[in-house]
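Multiple structures are listed underneath, in structure tokens.
Next, two complexes with chain A in common: one pairs it with chain B, the other with chain C.
Coming up: the complex of A and B.
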């Protein structure tokens, strides 16, 4: 029977020991090349062996522990999801979260790594698999048809004890199980398993290696005498446009999925942490450092929380929530009424605070709960061995959150406790120093601190595009008294925005689907290009240069100074 | 001062650049236009090495040729640790055995690369088959080595010039149409070589991820 590209059988494609620390294994199954790598958390990834960008083999890439980096242009892909997390040619942009490489099913069992061409069949262990300490032999690649290899193995059996042919190109010879991995129409690998660890490992391994080497030589001599079948020609399907490109319209606010609160704990004085996981134990969507999620709360409010996770860390999201005595609304509900085991609706991660990974110096400055996105950034830089400094300003020692996560970082992590406002300013001034090329600073914390750092940085000659910040909220009082017209260039529509109503609301009432998240001018989701007109900026997301350019605006709070705005919508 | 007569894309010249980088030895380079200029067959070069082969290395008044011989010279003279070319009869024999394998790899893997990329009239199929035959034996040797706690081609717990000599044309084999997919232990050994402190790259040879102790 010829091999089929759509064969759903699970075959072993490597030994467990073929995947040592930070290695990328090159494999193949049924004509399809595979890049196989074990992340530092032990998870095994089996991906199509090509970068989505230029098709270079990912098996020559670099295993960075939780991300695989393509050797060619440095695209990085996350453990588990194979989602792209960074595109060096666009260092200031977060790649579309949906750019995802093709993955194959994976299972590690009995000393072997198993995969299949598709996920039509669940993995089922072979008969009698359980309860034994299986011991893998040295794999033996053979240039012969997989079926001929199975037949050759069967012929090794003594006459009085014939071999058992098992389903899935496998043969049992006495106690030894042989699986034949169909690499291609005329190539195979013999993977043998002994039911227990032999007493003299080396002698046993040498013995079977010799037996299989002789078999290989016989099979290859026989294969050379007959016409080799044509190699399988797997279709390298294009990754669907949905996965390979930026979605047309960013995910609208209502688009959510459910997660379960796996753990809720007091992380520090005034900080409660929540661990959110998929209900079926699957991995969550890819995110980039600096990303946040919308959390839909039981009382109907929607609040944004930054992910603190490191790269490829997708089995749950961990957020930190400030427990304020006078807290109103969002955080209060989370802290007081959401319990472990509850189900919450969250949005897919969105990143309006992207981290550049091409800086010669990266300074992360956190104030209080502002540590959350910066912890994620530090973890990414840490895994990639890129230099960074993290400065964490807190009121008191007991306010230091994520202590154990900060302790395992290799970079410089300084905690500054109980400094007065002026002292913080002096400290930041000293930390920043005069601006140098390719230096970047990221700040997250209370509004007053963000403004102070921006002022200090500007005075030291730091350009706006080197100073990245994220506000938790917009404390400004929004003046919505103006009224004006908006012309939506792409939608060919002119709308009137009356006093008391936002541009966003006006567009939605007219039937347009437009993305938004915080709706208070802090998160950056509703960023819109302005083609004409003068903007009355009321947000805290855009920096001074961006605001002065009048080429972009946040439609959730900002308005027009001119009578008319032309928007690229 | 050491002078290396060098061709940037030559794996044999790279062997010397690699060892000198690891040993932190300063040297000067005289570029020789091996391709397409065939400068290694020019009169001035043949006076340095009548065999007309790269690399040639000059150290003071001494003029040396053959990459394997020069590796042994550099390690014996400049490696204070004595680990790269140990002064022990049995190990010297072992190292030289692999220097000879390195020449066989050059004759096969490098020949296939020259035929495919540099227009040399070599028998491509024969060269590729020859390389696969060597890689099979190396993979087996390295696989059993890993099982016994030996990371390198030779017995010492430290890499030797044998690893340097065999490495480049193993790494460049894909340019000769020779896949290393069937040689997982050989691929892991190339990771280990690329993690040696002082490792340097050449066109077609990329760095590897960090080792456990460096991460």
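Coming up: the complex of A and C.
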């Protein structure tokens, strides 16, 4: 039977020992090249061996532990999801679209790494696999058709003890198992397994190497006498249509999906943490540092929480929630009524607080629960050995959350406890210092603190685009008393926005689907390009320069100062 | 394996546009007068030499071998030849146009030099695209043309000039630790890229020695087959300190860094279907180049977009 590109059989493609620490191994199966690498958490990734950007082999990339970095342009792909987390040419943008490399199924068992062309079949170990300490022989590549290699192996059996042909190009000779890895139509690798570790490993390996080398010579002589079959020609899957056009800076509305609360615990005084995982044990979608998720609460409210995870850490998301005494609605429901084992709907991670990794100095300043996105950022920078300082301001020592996570960081992490408002201001002033080229500061915390840091930074000459911030919420009182018209340029529609109704609501009523998340001018999801008109900004997402430009706005809270706004919708 | 059937597919006959273009086949002063040099262009074997007058002669190779003695006068069936920018250019079809201009080459105070011809196992258009690309500087030309953390490719402008029929990228800026042999410290360098020929590109970059002028670097690709090429490099520099040897070595170091990356690119032919790869804003010039090749109807060394 000729080999098929869509053969669902699991074949061994490498030995476990081919994947030492931080290595990337080039594997092959059914005409395809594979980039195979083990992350620091032990997970083995098997990906198509080309970067989606320009087709460079990922097997020459750099295994950074939890992410694989392409040699050509430094694109980073996350452990497990193969999702792109960073594009260095555009350091200020979160890779907004889903750029995800093609992955193949993977299983590590019996000293071998197994894979298949697709996931049609679950991995099932061969008969008698369990309970033995399998020992992998050195692989033997053979330039012959895989089926001929199987037949050649079977002929090694003595007459009185014929070989057993097993499913999936495998042969059992006595206690020894041989798997034939079909590299291509006319190329194979023999991977043998002994049922136990031999007492003299070198002698045993040498013995089997001699036997298999002789077999290889015979098989290759025979192969040279007959016509070789045409090589398999795998197709490179096309990228999705939205990846093919040059992207605008756009934030797509993620789908919601269900997760289970795996763990809920008191992280610190006033901070409850939740660990959210896939119900079937699969990995969760790729995120970038600074990203948040929408959590749909049992009472119908939707709230945003930042992810605290590090790179390639996709088996669960960990969020921190502030336990407020007078908390209304959101956090209260989460803290009081959601329990371990409950199922919650969350959105895919969105990032409106992206981390640039092209800074010579990165300063992370957290106030209270604002530590959550900054912890994630610190973990990414830490793993890439990029310099950073994390300053964490809390009211009292018992309010310090994520203590053990902060302790394992290698960068400078300072906790500032119980400082009064004026002392915090002085501290921030000293930490920031006069602005220098390629310095960036990231702030997350209470509104008053964010405003203070922005003021101090501005006074020290820091430009707006070097000061990055994320508000938990918009504390401002929204004035919705104005009424005006909006012209939607792309939809060719003009709508009237009456007093008391938002632009977002008006557009929705007219049947438009527009992305939004917090709907209070804090998260940045409804960011819209303004083509004409003067905006009455009421959000806390845009910085001063962006607001003054009147080229963009948040449609959930902001309105018009002019009688008419032209929007790029 | 002598009796094994050759399964390689027949080479794709070059499309007429490709066939009628001028191509560099050698640096003229490296062609040995009175001796045969051999090469390949568009899957066609060529022989070449120089006559007593120093002028290059190129013809379809018969049974000549490299190093054979030959009198150029005896070669009657010759391919068209042009001697320009220090290089010998030829054409397998009917050359329908003049060669693109590089006026700077004629400026008297410039140091003009060929920087060698480097074989690369990749299609010529992939090599052109790499030449247009700034995003790889910190990763491939580390500490020379770029260095982390300065990885940003700022917005730049691209147009296809109808009048000159070339792709033009302007206002391209990048922070470089050591932009040229004569540079000693990091600076933001401004580039202009021209693609005046489907397989040639010329860049202009800020000159460390004279702010008012620009260094010029040209890359002329000789497509040997659809999946292999030779890159011929030209430098036309304002540099009163460096020796020609040092400037050549600098450029060869740069290209030596590109070669292993290019040879690990798959597919080796340049895919023109926009959905084959994932462009970003920094790739504007590459996108314009791919479209321009598509519109010209070029099918050699590319994977044309399925119609």
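Quick notes
The working rule: the second predicted complex is superposed on the first by the 552 of 569 C-alpha atoms of A that agree within 3 Å, B and C clash if a C-alpha of one lies under 4 Å from a C-alpha of the other, contacts with A are read in each partner's own complex, and residues count from 1 in each chain.
Here, a contact is a pair of C-beta atoms (placed from the backbone, for glycine too) under 8 Å apart; a residue touches a chain by one contact, two chains touch by 3 or more.
Computed from a predicted structure; not experimentally measured.
Touch criterion met: A:60 reaches chain B and chain C at once. In the superposition on chain A, the chain among chain B and chain C reaching more residues of chain A is C.
Applying the stated contact rule after C-alpha superposition, one finds that A:385 touches chain B and leaves chain C untouched.
Touch criterion met: A:71 reaches chain B and chain C at once.
Within the superposed three-chain model, A:201 lies in touch with chain B and out of touch with chain C [touch as defined at top].
When the two complexes are overlaid on their common chain A, residue A:21 makes contact with chain B while staying clear of chain C. By the document's definition of touching, of the two partners only chain B reaches A:139; chain C does not. Shared interface residues of chain A (contacting chain B in one complex, chain C in the other): 33, 60, 71. Taken together, the chain A residues at the contact with chain B in this complex read 14, 17-18, 20-28, 33, 40, 60, 62-65, 71, 138-139, 141, 189, 201-202, 205-206, 209, 385. Residues of chain B touching chain A in their complex: 140, 143-144, 146-148, 180-182, 184, 187-188, 191, 206-212, 215.
Residues of chain A that touch chain C in their complex: 33, 49-50, 52-57, 60, 71-74, 87-92, 99, 224-225, 227-228, 230-231, 236, 238-241, 243-247, 357-360, 386, 438.
Touching chain A in their complex are the following residues of chain C: 1, 3-5, 7, 129, 134-136, 138-140, 148-153, 260-261, 264-267, 271, 273-284, 287.
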